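What follows is chain A paired twice: with chain B in the first complex and chain C in the second.
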Partner chain A sequence: MCEKLISINNLSAGTENHQILHNISFDIKSGEIICLLGQSGSGKTMTALSILNMLPLNVIQTSGTILYNHTPFDESMRGSFISMIMQAPASCFDSVFTIGAQFKDILTSNNKEYSENKVCSILEKVELNNPKDILNSYPFQLSGGMLQRVMIAIALSLDSKVIIADEPTSDLDTAGQKEIIELILNLKKENKAVLMITHNLAVAKSCADKIAVMSNGRLVDFFDTHELSDKNRHEYTKKLIYANSMLCSSKWNIDLGEYNAEM
Partner chain B sequence: MIKYIVKRLLLIIPIMLAVSFIVFTVLRLGPVDPAQAYLLNSRIPPTEEALKVTRAELGLDKPFFTQYALWLKGAVKLDFGLSYMTKRDAFGDLMYYFPTTLKITFLAMIIVIIVSIPLGILGAVKKDSTADKLVKLFSFIGVSTPSFWFGFLLIYVFSLKLNILPPFGLDSISSWIMPVLTLGLMSSAINTRITRTSFLEHINNRSVWYFKVNGMKRHSIMGKYVLKNSMLPVITSLGMHFGELIGGAVVVEVLFALPGVGRYVVSSITNHDYPVIQCFMILMTGVFIIVNLIIDIIYVYLNPKIKYGA
Partner chain C sequence: MKDKELIILFSLLAIIILSALFAPIIAPYNPYDADLTNKFAPAGIQHILGTDHLGRDVFSRIIYGTRMSLISVLATILIVLILSLIVGSIAGFRGGLFDSILMRICDVFLTFPTFILALFFIGVLGVGLINVIIAIALTHWAWYARIVRSIVLETKQKNYVTAAKCLGSSRFKIVLKHIMPKVLSQVIILATLDLGHMMLHVAGLSFLGLGVQAPTAEWGVMINDAAPYIREHPELMLYPGICIFITVAVFNSIGEKLKDKYEKTQDFNSNESEICVKN
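After this line comes the complex of A and B, so read on.
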């Protein structure tokens, strides 16, 4: 069941005089959620861009291979084999066309049939009520959370095996984050492989099967999520866990008893 | 949408009122007394007596605002008074010449659209290539070439040397070619730059990236999404260019000896023929406002952000 969909071997990339990624290797398997964790600037997004073969013009892949189902990259894989869910969805849609028109164009350019009933049922699946209204509205008429769901719906309709999600929760409030994480966990049931980029350990812990920790362009740690509290964790991972627990414990120290009594 | 159009149509009234007041006032502030101008145009020596009679005849002895009100009352009925020079109805005279000017302007506008938009897009899509450099060169040369000089150049090459186009007059379709090219050159050059910049701005939209990552082909992103977005500022600028073209048409008409309003208005200005100048300015403003209204309606139709009041 667990096919190896993408395997990254010794990937290095950089500009002419600055190396950004150092010997990254890991595999992405179907039915598995991998969280790529790290600070901003640690190379998470660059890794994702390498996988999509969308590196900026001045950045070149200097060594290593990325295989997609045992074959090298082909432009037709974008959309049909790998799709992407981006952060800040309000700017990811075009403001002069309706959501429906953009949905349709993405599907038809991947040789997928667009039928309104089918799309509506997928939109309902990502918990968007009134899917017809959503399709007829413009991006600026919808909230960030709704647009993020539309993106997930597009990824689902594309039916690609691998979905890369770049910080899909970062612009949302906590309730919205939880709902998006649940939708991403649902993707696993469809036997998709998900590579989720996040800087939020709590988000990673709540949905990932495996966590890959990046720091300064290196993959410093790679482990199953239940091994998070293992003694052998890399120093940097421990630092992240410590920082996270500091933030969380300060939150939970508030005495809720009194608050409840007032209610 | 309909509410917007009605609102814009109603707005024409105060705009035209303000313009009419400015036109009337500015001309009265000039150094030449209208009564004197009238007499000189009629070849009557401006003696004290004659001036007094003329003032009474033209209503110039009345208070300023009364004069304005009387003129406005006539103007609403398209009666702008008699020309001092020809003693004919100023509006009627202008309407005899105006269609030619409008034709040249609209033809030049079409030239601007069919030259600048494809060139601008070509430059943006093939940024930094030889084609793009040629497009930039065209814009720079076009912007910095005075239109009358370009007109002379065309006459020299195509009429004197090659003898394939008539240098003046409007006898055949080929007579239109040089005037329209002369008039459209500068606006085409400016609009090419605007199109190129606007297109480049939208090529880097995150939505373009998102579509590409999810398998949309480059030509369909460019041909649909980037195109529509980048056309919005271009459409607005075309409205501005229309004003420029209709003003430039006057120069081109003089250059190519065309029977448009150009020469008539230029001689009206030198002869201080106030009724004609006033009528001409009101006409120009009216056409400019109507064209820009149409352009604004197209803009709103294309831009859902305004349509849905975001």
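After this line comes the complex of A and C, so read on.
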């Protein structure tokens, strides 16, 4: 059941004069959801990109190894073994082509068959009504949340074993967030591994099996979700929990305004 | 379409293209039929623009000349585009050593004035239309390759390229599907701006006797043929000259117009993306 799909060992990366990631090690196992928490700029996305071997040109992996099912990285793994749901979905689609064309493109690049019925059923699975209209529309005609769902649908249709989701809930309202979390929990049932990057402790708590906390490029805490309230959590984790409980306990009394998204 | 200027320009372009396509139907005489008894005939009902020093009908020669000019220019631009798209996208997408080597080669081509470099190539390759086309293409591709490279460099940073890569699209597919449309839309506009310039090159080289050879109906050749008789019959030089002028002007203005339109849509797009970011 718990097959070790990706194991990261002592990963460090950085530019010439600034180290971004320091000695990061953890494993991603099948049927497990890991949430990567941490403030902006703490290296969450960089970790995800190094897993995909897609670091920006000026960033170099200085040490450490990442093994995928006990083998080193191979470009054909992208898409078939590991796929990513990107941040900021509005910019992740080429505005020249329809959603359907891009969907088809990605499927055929991964040697998967494209059939409209199959794709429509997947789109319905991510709660997109009128899937045919969506396939025929251009990215700028859809909202951020819809594009986010399309991204998730693409990742689902690729059927890869590991899915990295970079803030999949950030463009959605709370009801939408809940639906996405349910989708991700369904992935777990299909024995897939999910690495979810998020700012949102509430989201992490509601779906993760394990929570990894990053701060300043270091993995400062890594624990099972039910150990969240444990006494020997790292300072930064405690700070997060404290801030979150502050926001949550007062949520019925006052209007949090724009902080809603932060919770 | 409301733009009146554009309508006029496109109808002129249509006239040019149609006269090239249907030259045998439009031209009243065979452009190569010499009739020495009827040389320098004045313009009139029989010969709309008169005849030249060998008694050939000038109007027919001009109509056939359109063919030559268009074919040579289109062939040149095609070679330039193919060469620069290949070199530019390899340099931009692969980067590193490939990029450096290809761009230094471009620099070498860019350092020479185009006309002198073209003369050099013709010196090496020999005279003739095909050699002129090759020479002009070789002198222009480097500039395009640089532009293609810069657009590729810009586009490959875009999030949707990264997303496609993350989801397993192959390099070739990314270049073809996501980068080429961006590159082509800009490069084709630049090419239309350059068409007139290249046409002048071809006509210029033909006038010097290096390009299309004498009996062929071509505007540069016609000007060259008429040059010795400039005192008695200046109009023989004027007609092909006006044709070159009009064609070059039409190509240039269409290029300018397209560029304006494109820049407007660019502004619109960038506004749109700013809005997206704010949301």
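Details
Everything below uses one rule, namely that the second predicted complex is superposed on the first by the 252 of 263 C-alpha atoms of A that agree within 3 Å, B and C clash if a C-alpha of one lies under 4 Å from a C-alpha of the other, contacts with A are read in each partner's own complex, and residues count from 1 in each chain.
Quick note on the criterion: a contact is a pair of C-beta atoms (placed from the backbone, for glycine too) under 8 Å apart; a residue touches a chain by one contact, two chains touch by 3 or more.
Just so you know, these numbers come straight off a predicted model, no measurement behind them.
Look at chain A after the overlay: chain B and chain C clash there. Looking at the shared chain after the overlay, A:A202 reaches neither chain B nor chain C.
Legend: residue contacts after superposition of the two complexes on their common chain; A:L185 is shown touching neither chain B nor chain C. When both complexes are overlaid on chain A, the residue A:L67 reaches neither chain B nor chain C. By the touch criterion defined above, A:F140 lies against chain B and chain C together after alignment on the C-alpha atoms of chain A.
In the superposed model, A:L228 lies in contact with neither chain B nor chain C. It is stretch 131-139 of chain B, out of 59-67, 77-85 or 131-139, that runs into chain C when the two complexes are superposed. In the three-chain superposition model, chain A touches both chain B and chain C at residues 52, 54, 76, 78-80, 83-84, 86, 88, 91-97, 102, 105-106, 109-110, 140, 154-155, 158. The residues of chain A lying in touch with chain B in their complex are 52, 54, 76, 78-80, 83-84, 86, 88, 91-98, 102, 105-106, 109-110, 138, 140-141, 154-155, 158. The touching residues of chain C, counted against chain A in their complex, run 95, 158-160, 162-170, 173, 177-178, 181-182, 269, 272-273, 276-277, 279. Interface of chain B with chain A (complex): residues 205-207, 209-217, 220, 224-225, 228-229, 232, 302-305, 308, 310.
Put simply, chain A touches chain C in their complex at residues 52, 54, 57, 76, 78-80, 83-84, 86, 88, 90-97, 102, 105-106, 109-110, 140, 144, 151, 154-155, 158.
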